[in-house]
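I have placed the structure first, in the form of structure tokens, so that the comments after it can refer back to it.
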Amino acid sequence: MAEASLTASIFSEFNEYLTNDQDVREEIRVAVRAMEQTAREVMTTLEGIHQSAGLKEAPALCQKARKLLETTRSQFAELQKKVPADQYYRFHDHWRFVSQRLSFLAALIVYLEAERLVTREEVAHLMGVSVRKEDGFHLDLEDFLQGLLQLASELSRLAINSVTAGEYDRPVRISNFIQELNTGFRLLNLKNDSLRKRFDGLKYDIKKVEEVVYDISIRGLKPASAGGGEGGDEPPTSSTGAE
Amino acid sequence: MRKGVKPAVDENSEVVKTFRIFQSELDAKHDKHERLVKLSRDVTIESKRTIFLLHRISGEEDKESLIKEAQGKIQDIQASRLQRIARELEGEDPFLFHRAVSPGLQEYIEAVLFLCYAAERRLMGLGEVRGQLEFRVPIEEGEDSKTKDSSKPEGEAAPDDAIEQGSLPKEPPSATLHRTLALYVSPLDYVLGVADFTGELMRMCINSVGVGDLETPFELVAFMRELYDSFQLLGNQPGREFVRKLSVMRQSVSKVENACYMLRVRGSEIPKHMLLDAISSLPDSAQTDFDT
Amino acid sequence: MAEASLTASIFSEFNEYLTNDQDVREEIRVAVRAMEQTAREVMTTLEGIHQSAGLKEAPALCQKARKLLETTRSQFAELQKKVPADQYYRFHDHWRFVSQRLSFLAALIVYLEAERLVTREEVAHLMGVSVRKEDGFHLDLEDFLQGLLQLASELSRLAINSVTAGEYDRPVRISNFIQELNTGFRLLNLKNDSLRKRFDGLKYDIKKVEEVVYDISIRGLKPASAGGGEGGDEPPTSSTGAE
Amino acid sequence: MAEASLTASIFSEFNEYLTNDQDVREEIRVAVRAMEQTAREVMTTLEGIHQSAGLKEAPALCQKARKLLETTRSQFAELQKKVPADQYYRFHDHWRFVSQRLSFLAALIVYLEAERLVTREEVAHLMGVSVRKEDGFHLDLEDFLQGLLQLASELSRLAINSVTAGEYDRPVRISNFIQELNTGFRLLNLKNDSLRKRFDGLKYDIKKVEEVVYDISIRGLKPASAGGGEGGDEPPTSSTGAE
Amino acid sequence: MAEASLTASIFSEFNEYLTNDQDVREEIRVAVRAMEQTAREVMTTLEGIHQSAGLKEAPALCQKARKLLETTRSQFAELQKKVPADQYYRFHDHWRFVSQRLSFLAALIVYLEAERLVTREEVAHLMGVSVRKEDGFHLDLEDFLQGLLQLASELSRLAINSVTAGEYDRPVRISNFIQELNTGFRLLNLKNDSLRKRFDGLKYDIKKVEEVVYDISIRGLKPASAGGGEGGDEPPTSSTGAE
Amino acid sequence: MRKGVKPAVDENSEVVKTFRIFQSELDAKHDKHERLVKLSRDVTIESKRTIFLLHRISGEEDKESLIKEAQGKIQDIQASRLQRIARELEGEDPFLFHRAVSPGLQEYIEAVLFLCYAAERRLMGLGEVRGQLEFRVPIEEGEDSKTKDSSKPEGEAAPDDAIEQGSLPKEPPSATLHRTLALYVSPLDYVLGVADFTGELMRMCINSVGVGDLETPFELVAFMRELYDSFQLLGNQPGREFVRKLSVMRQSVSKVENACYMLRVRGSEIPKHMLLDAISSLPDSAQTDFDT
Amino acid sequence: MAEASLTASIFSEFNEYLTNDQDVREEIRVAVRAMEQTAREVMTTLEGIHQSAGLKEAPALCQKARKLLETTRSQFAELQKKVPADQYYRFHDHWRFVSQRLSFLAALIVYLEAERLVTREEVAHLMGVSVRKEDGFHLDLEDFLQGLLQLASELSRLAINSVTAGEYDRPVRISNFIQELNTGFRLLNLKNDSLRKRFDGLKYDIKKVEEVVYDISIRGLKPASAGGGEGGDEPPTSSTGAE
Amino acid sequence: MAEASLTASIFSEFNEYLTNDQDVREEIRVAVRAMEQTAREVMTTLEGIHQSAGLKEAPALCQKARKLLETTRSQFAELQKKVPADQYYRFHDHWRFVSQRLSFLAALIVYLEAERLVTREEVAHLMGVSVRKEDGFHLDLEDFLQGLLQLASELSRLAINSVTAGEYDRPVRISNFIQELNTGFRLLNLKNDSLRKRFDGLKYDIKKVEEVVYDISIRGLKPASAGGGEGGDEPPTSSTGAE
């Protein structure tokens, strides 16, 4: 009997552990749901850039979006508290999607503000997490990269809409930026996973933007300044006008 | 491979004695299988890199040098990994380890066909593929009987000196005695390699659209339709792989058809000479090969 | 057009190859079907040992089964003619199952006759094929091993039925035999394939036979001789006898 | 261009990370395969206890098995080196199975030696890993528990075979031990996962052992000492003998 | 436009055909549902045999079941009217299941009444259909065979329950009957379809019954008469006789 | 539930105004759904515990006290969670939130049927189950119209005082006005609950084998066959759930039949009175209930 | 036996319930099939708008479609009679699809007539049902919303075809309308259900229309009036005109 | 034993039946394979229309295809001989696919020759079979309809390729034809089966062709005659005329 109750006490310790595990998952789910809500609101705000008058308001929209995005800091802090130290990858699937989404949104904001690639550090900073796995709660690299691929897709849409809004120089700049992203991704030795699959889709975004640039070029709508430092021989706008 | 500490078994038992024989036979087979899988994986990686390289061709100027580089890579693959595979398979039923070797071989065929098309705009036949995989190797001492020690891979540095490719004889046979070592390529592997090769043609088409090459896509669409027709005539061969690849091929053809369509439709908007001017002014899209 | 016919001619060669391949396969299928029929007949004959009166007739049944099994010699010869030299493994899947089946049947006959393990040579000889890969048409080692595992399964059933038939010593002997087989198989480094999977099933056969031996032991039905040199203290047969 | 090469350098850093990841997985696979081989050898050794004369040799077999099992220490050390700090759960699936197996084997050895439940600490110590998740490489609790359930299964088989070998007191002790295990597991709040499924199988092991105990009891074979401290009224062996 | 209406008229003709087809299917479904209800009622009646007192009442239950089963005659007549001549196999899937079920039930009744195999003619007669395909509406052979395999399954359950009810001779007779069925099926050259799959399951039914016979044999419960001419040394029948 | 910071939208837009209405309607529905899911989950857990408790019965001596304890638990579930569910569903189409509530209800039915069988060896009918889920609640002020604030769960402490169970009236209705609040139980939920209940009977059988009770298994097998027959007569109802449960039920019956078979076969070896003696001497298996 | 009939009587009550249930469902299915037929006819009529000359005839087509749609009033009345009071959601799945379809069709008609969003009240009125759950038979909100998403899809197709028909201003208006719909939907907190899934598809419809507007813009075909108050600098129509 | 051989004789009779059945299937398979080969050859011939120069050669290709297709007459005659009278639907699955394929090919030839819909009679005549089920071997209506849906798919591809070949009027005509087909299919009351599923795919074919027509319209490539009486303000045709 004595031994039996010893067993019992050992097992009741185990039980604590297992019950706790289930509670943790439930709490994580709740925390993640809140973050998804935030991500949706940021997205709704940034949708504005595709509106006819939207690009002009980009700075204001970005400011607003940044503000909304900031709430994820505390949300991530909350989440982090739920996740036991060193068990990031045990529960990673729960926030994988929202991490990618937030990376994308941060990258979009930075692009709209400064027309440059966001760094992983910036995104991690925005979320209030580390970039290094060693620090426990961090921004997973593959999630970050997924976010960048979502950015490419959004920018190809923006290229179309900026023409509609009469901004003819933007597509050329977007084209250059996406090309660069592509060059970067091609350096990666991707496994046959979801990241690879998404990357395969990148070429269609590129093609789409190139078609826009082509359309602008043959109509002589490409501003002389846009091609900038590329040193290509600009299409003689006069000659197009002479058609 | 096996370790020192062994569980106790009665080594005098007849059954144990028999199974010890089985054990060594199975171990030999599994070990060879493992080595071949590894070699095949390496061939796959190197072949993919060669294809990748060929997608960098963006015009006549860089074509020659890139093709030369690709040829070098292919020869490397042949001389090192493939020759080693050939040695491992010598005297074996070629289908015994087919599953281990097939993925690498198919990828290699894809690469070599793509190289040939890039250089000469034609489909390389199975005979030619096989010809390139006949190696002349010196007859080692005491090798008149077919014995060979395939379990130990020979040193990495040497092979290039010792081997000449059947199809590319660089020098007359030397005084040492040589024999021919052929790596068997099954027709099915070839045909499936052709199917994958069509995928690369599709990428080549999209790339050439990117660099403003208005001829290649139309050449490609004709060639690919031909391949597709021939393939279709083969019918629904047993095996899911065949059916699946036929359907992927249909998609590739369709993508190239769409690209040609877009070129025609876009190109219709301004006179041709204007179009070329316009295209040459596009942002530097030379890097845009969509290969994956 | 000249080029078109080049491609076409390359492919028409394959068409020939593939058509021929299908024909070969069709012929092989026909040959194999005949062998399966033979195997079924042998099996039906040997089913007799599970009948109440069957074990006594085992010698007669074995003789009959051996005779039936002999027809596979000519059937294998027939099959061998269909299979191109050095392409055994190209078509192996077609006769893999029946090879295993025949190995099992040969092993069962030999066990019933002599209570010993059949050798690979014996089985190959029965089929009229070689044991060495080098000789072309041979008995694949893994097929032979699969046959042995099927034997273990059949013997566990026989252990049950021999008790029904009142033979209390047989299960003990079967148990020893299967244990030995188990020891043999444990020496092999099995890959994660169908052979391994079947081998994993062996433990259930062993357990079943162990339970039969248990039932016999506890009821004092185990013949003194059966347990052989183990020297275990026999269950007090006197007390059972006193029942 | 300058920016492009910046992107390139960022991405080549990413690439290093991803390539490294694939290499790690390959190395882990190799390491795990070696451990599985060790586990198989330990198992083969311990199979001896089911042989008729085996239980007497249990101490020797255990000693031998312990020796073999010790090699896992260096193997785990090797594995541990491959797994980046704090990424235990990222790769856990690779060694989940072998951990369970080794836990089972350690538990079996300890039971045979001392007829008591192995502790998690002992198993972890044997493997040279920690019990605490916080320490990085550790023995996962659920893996340990799976090992215990495998033990129950093996013991139910041992109960059968010890009767065959004439040891009538062992099944009673096994029955008590498994009951205790069951009581322990029932305290756990299991999710609907593989652990729960395996636990559901435990009751059949219990039933089997109880049937053995029943069989022994009604035949008056249960030694007076066996029931020990339970205080149950022993079956009057005389009365059975009087049948 | 003229052409368009031509297309329309062609298609509206098609529509008539398709609509009619759907109506036929609907009517068939209704008819089949009624038959399934009957089958369920027969089944519920025959379930009685598994009750402790059930076997004694078997004759009464069979009589009742036969009566219920008779209603299928008119139901089949009804169904037959719905199915256009020569389109039996177009709609066969609709009643395939219930045909198998009814074949099984008829076979069970006949077995319980006379301990023999039902013939296909008997079943067809019961349903009021032909046995010959040429006659249009008939009893499909494969459906009949499926019914027989279901019978084997039910009898293996009955073997268990008849032991519970204290009938120790029945399992032996069931075992013989199933063996015979097995021999019969072994003569058939089955395709690789659902019938073959079901037949593969037959060996489990056989094994189960053999185990039941084993259980009663080893405990000396097998009646001397049941095992027929085996003459094996029976387990101590005296103790059983003392009950 | 919604947060302070909002993305900018034009609140004057007609579309936005309309969608704001939709939003609140959807949110209300989803929130209620969430609350019900949570309540249902709690009911499931508590019901499982009750079943667990009843499996601890190992003889006549502890039977009474355990049944009493289980009755208390069931009354708790009724008075707290189930009554709250009833409030949430008041005035709603009972099938709108059926998917949220059904799992908990089925588990509750399973528990209450098991309790009834353990106490009285009979199947409780649907009418009786429903009867126990009619609550008498005081009519709140201004509640003559059917309005109620279901979004805020009322305090946990109170309900026991305020509610009387329909089937167990403890005291005559007080002076305050009361009305009846009924929780709808669909026949399908009841029937599926019966199916699960059969599984518990199977466990009860295995447990009783463990404690040497030689009567119960035979009683149970008869009762379970009856349930199975009745169930089978219902036929293959649409919905996978029904078919699946029927098959699980067949397995349970089969397990119990096997257990009875084993008892009979084992029991055959020695005379009955001997057997009972022998069994009572078994190691203390009282804890051996195999429930999960 | 008395008890047996108690259980049986309890169950026979359910049999009645379930049979009745099936009958109700059968009747509902018949009613719904008629409604689907009507929906198909309305759709066939409205397909006309995609024809080359179709948009001009839109008013006539709408009138015809409205008329056809009116028959659903009586069909809904019929359906309503079959559905027991307060059991709307018990059978909702049966008409869910057709409700969505009819909502879509009504929304399309209203859009074509007035270029505005249909209200829920209008749709409900057309079907002759209520908008409020409390009234029993009503128009489910989520079904209505699904209909609106189908509308977006259809309008993106219309944008394409109106360009073919030479109507260059329509796509711009469609774009504005869909954007507004998008804004509306973004306000909703959708669960992870079919509505959310369909909503995720909305972005493709939006993109398609944006591309059409882009094509029109870059070719200077966008009517000055169409872009409305956006004030974007129009593409230099002069240069195109000069072509 | 006597009874056993009775069972055996019954079963051997069954076996005859089953063996015969398998032979019939084997023969049907051979016949169907030949037909599939013919279909593939016809298809390869007609593939030529997608080549740049192909449409001009359409008449020649059609003539060649017709000739090839004629061989199916004798092949169908052969097949018909194998299929026992009144068992068309028992084996229908074997030739279902090839019937659909041949219907498609015939429809494609007729379309290319005359730009009209093939009739079922024409297809049946080409195959040398009846259109009426009553005549035994016939052309199943649903197979014919499947063929028409395959035609729509092929024509949508042709629309693309004819633009590439510089034929700008063909897509418009194809669009009209497919619309008509669509109208026809909409009249049908399809079950929820594979035909319905394929029909659901028709809308993607339609959309694709509409997008082609859109592409040529917006670029002013649509010939004035093609669009018929639409009278929309054409995009600047002058520039096209200038080509």
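Order as written gives the chain letters A, B, C, D, E, F, G and H; numbering starts at 1 within each chain.
What we mean here is this: a residue touches a chain if its C-beta (ideal position, glycine included) is under 8 Å from a C-beta of that chain, and two chains touch if they have at least 3 such contacts.
Predicted model, so just to flag it, every value in this text is computed and none were measured.
So which chain is the furthest away from subunit H, centre to centre on CA atoms?
With centres defined by C-alpha atoms, farthest from subunit H sits D.
Tell me the angle, as a multiple of 5 degrees, of the rotation that maps subunit E onto subunit H over the C-alpha atoms.
180
Taking all residue numbers at the subunit A to subunit D contact, is the shared part over half or under half, that is, same or different?
Copies use mostly the same positions to touch.
Would you kindly tell me how far, in whole Å, the mean C-alpha position of subunit H lies from that of subunit G?
Computed value for the inter-centroid distance: 33 Å.
In whole angstrom, what separates the CA-based centres of subunit A and subunit E?
Whole-Å distance between the two chain centres: 62.
Rounded to a whole Å, what is the gap between the Cα centroids of subunit A and subunit H?
Comparing mean C-alpha positions, subunit H is 46 Å from subunit A.
Determine the centre-to-centre distance between subunit E and subunit G, using the mean Cα coordinates as centres, and give it in whole Å.
50
Quick one: which residues in subunit A touch 2 or more of the other chains?
Residues 37, 44, 183, 215, 243 of subunit A touch two or more partner chains.
So which bits of subunit B are touching at least two other chains?
Residue numbers touching two or more other chains: 7, 9, 233, 235, 269.
Spell out the residues on subunit E that touch subunit C in their complex, using ranges where they run on.
179, 182-183, 186-187, 189, 207, 210-211, 213-214, 217-218, 222, 227-230, 232-236, 238-239
Could you pull out which subunit D residues touch subunit A in their complex?
So the residues of subunit D in touch with subunit A come to 1, 3-4, 7-8, 10-12, 14-15, 17-19, 22, 84-90, 92, 116-117, 119, 133-134, 136, 141-142, 145, 180-181, 183-185, 187-191, 229.
Where on subunit A is subunit G touching in the complex?
37, 40, 43-44, 47, 50-53, 157, 160-161, 163-166, 212, 215-216, 219-221, 240-241, 243
Give the list of subunit B residues in touch with subunit C in this complex.
Answer in residue numbers: 2, 7, 9-10, 13-16, 18-20, 22-23, 25-27, 30, 91-96, 98, 122-123, 125-126, 187-188, 190-191, 223, 226-227, 230-231, 233-235, 237-238.
If you look only at subunit B, which of its residues touch subunit H in the complex?
218, 221-222, 225, 228-229, 232-233, 235-236, 254, 257-258, 260-261, 264-265, 268-269, 271
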